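Taking it in order: structure first as structure tokens, then the write-up.
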């Protein structure tokens, strides 16, 4: 009796552990939290999975971590938004077939009463200067994500070093960061898509927008199969082709229109 | 078959340099009830544990069936005898499981286990106790379960260490009857350690007096109890020395 | 206040309408943590019994290690397993990263010291006379150990439950080696973190309620078991 239970337990464990091994028809896509949290990716993947009979596993992390995962060969594709890092990634031979597929833009959000009076200021650099000057609370991602990198680039351009009690880093995704900023009545830099999908849960307004420094393109890159032989190259290409197909573009263009009154992303190459 | 189930030769035991048993030479004849008599703390329990191979002697030898003990035979020999402890600790399971334990570790089949356990429980008069939890029993009942636990194994030798020390007279009587019955009915050699002279008188065929870690007198119970040679034994029998 | 109530209401609706995503997450959690605890008990209980019942050199060291691992930070375990299972790591060829298998490994490593240390305490608290009884009744060494384990069964069961509680609520390692992939490695703890981050408190609350219910049921079951044993 006891032996039987033992044997059953053993078989059970073997089936579970071995059954957990990844099947070939899975694609792993590492991407930024902004794309995942908005829900766009889910819509795209559901549509793609129907056609291609492939399951796409999404790992949502910041751009920096996604690139690290790709360098280690722990994913097949990355969908990220940090042009400088992307170029370096491809140049160093980790990635191939980089395609910019869509864009939106970054905005500066903050409490409605706008303590640093950045509304109406011309240029994002002066806006950041005003916040610094006023030592108005600013919440940064601080997680090496695409948004965080862009924010740091802007501070650098402005010749400012954000330091002091007014400047805080969350180390979390865009969504949680917005919630924290809202609770603390602070400014923050966010992509428009995440802001729109969180708008109802927070009390932050867009206080600065539309500067060419805030342009935010997203690219998809395939991990170089010459570096990591196990990469699911064929399926990866299929997914990229789907994203830049008319159908893929239509999904991107339409996504969020109904819910937010405006699209969250715009396909590139119309 | 050797007429002696166990013989010991100069068996000694020390704990931390203190001698508890000194050169014990015992001859335990088969099929008899042997009483090892002596005051508390004289080393009776230690002697039983040595004979049951639960502990190693400091020096000396134990012969089973006329053969010296070999390390390979330890488990097999241990399974031919059983020790019931002074304060038996039962497993925290049902009475049935407790009595069946020794048979289960011998991998007997279920049918014969069931039969033997039922029979043993009948002998100790705990017929309807099968499903009771052993820990909830009274002292006397526990002692009887412990005896059933040992008896069910049909051992060649049954060691009983002060089997009635904490019991009321009624339970003492039941257990003494039981010991006689087991010895007569199953021809089991019984070795009983006791400080109670009257109990020894009632039960034993052979008696061995232990005093100060040594055997001071040993022989047929009747002879010893009527005509002891040793002065200390005489005083004990006359009730002048209370152990 | 009313938005907490609204959240609770929606949470209950999710549960009562048998929402597929919610239940996938729940069953995945139970499957992964259940398997991990099973594996961890196969390792931890014998280890605890060995250290608790036998004397051998290095015994103190093992006890200390076990007790230290009790408080092993889950993210550290996650990180180590990530490094091993990454395609660049020594076990990369297994392709286990971002699968339930990786999470089972991580949770097994987290649960084993807990189950081991608590089993050790459990067997040590058994009356030493039980060992002597078993030997005298003819038990072999292994059978004697099993008898002691049987005596300690309620405490060992409690050890399993503590281990289970630790892994099913653990988030650091699950996030790192599982990746929180929807339908594959998204379990209750990572889902709660994600949904809270998204501001979708309903699903987070629903899962929180489930976690509490499971904890309650297990403890109630344990209490009942103890009662009928006494």
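Order of writing sets the labels: A, B and C. Residues in every chain begin at 1.
In this text, contacts are C-beta pairs under 8 Å (C-beta built on N, C-alpha and C of every residue); 3 or more make two chains touch, one makes a residue touch a chain.
These numbers were taken from a predicted model, which means no experiment stands behind them.
Participant: In graph terms, with chains as vertices and touches as edges, which category applies: line, ring, star, complete, or other?
Facilitator: line
Participant: What chain is most central when centres are computed from CA atoms?
Facilitator: C
Participant: Of all chains present, which has the mean Cα position farthest from that of chain B?
Facilitator: If we average the C-alpha coordinates per chain, A ends up farthest from chain B.
Participant: Would you mind pulling out the distance in Å between where the CA atoms of chain A average out and where those of chain C do?
Facilitator: 32
Participant: Cα centroid separation between chain B and chain C, in whole Å?
Facilitator: Each chain's C-alpha centroid was found; their separation is 47 Å.
Participant: Quick one: report the Å distance separating chain A from chain B, using the average Cα coordinate of each chain.
Facilitator: Comparing mean C-alpha positions, chain B is 79 Å from chain A.
Participant: For chain B, which residues are in contact with chain C within the complex?
Facilitator: 52, 54, 75, 78-79, 82-83, 85, 87-93, 101-102, 105-106, 133, 149-150, 153
Participant: Using the touch definition up top, name the residues of chain C that touch chain B in the complex.
Facilitator: Against chain B, chain C makes touches at 127, 129-130, 132-140, 143, 147, 150-151, 229.
Participant: Which bits of chain C are touching chain A when the two form their complex?
Facilitator: Residue positions touching the partner: 31, 35, 38-39, 42, 86-89, 92, 94-102, 104, 179-182, 184, 194, 196-199.
Participant: For the complex, which residues does chain A have touching chain C?
Facilitator: Listed in rising order, the residues of chain A that touch chain C are 9, 12-13, 16-18, 20-22, 28, 37, 42, 57-60, 72-74, 172-173, 175-176, 179, 198, 201-202, 228, 230.
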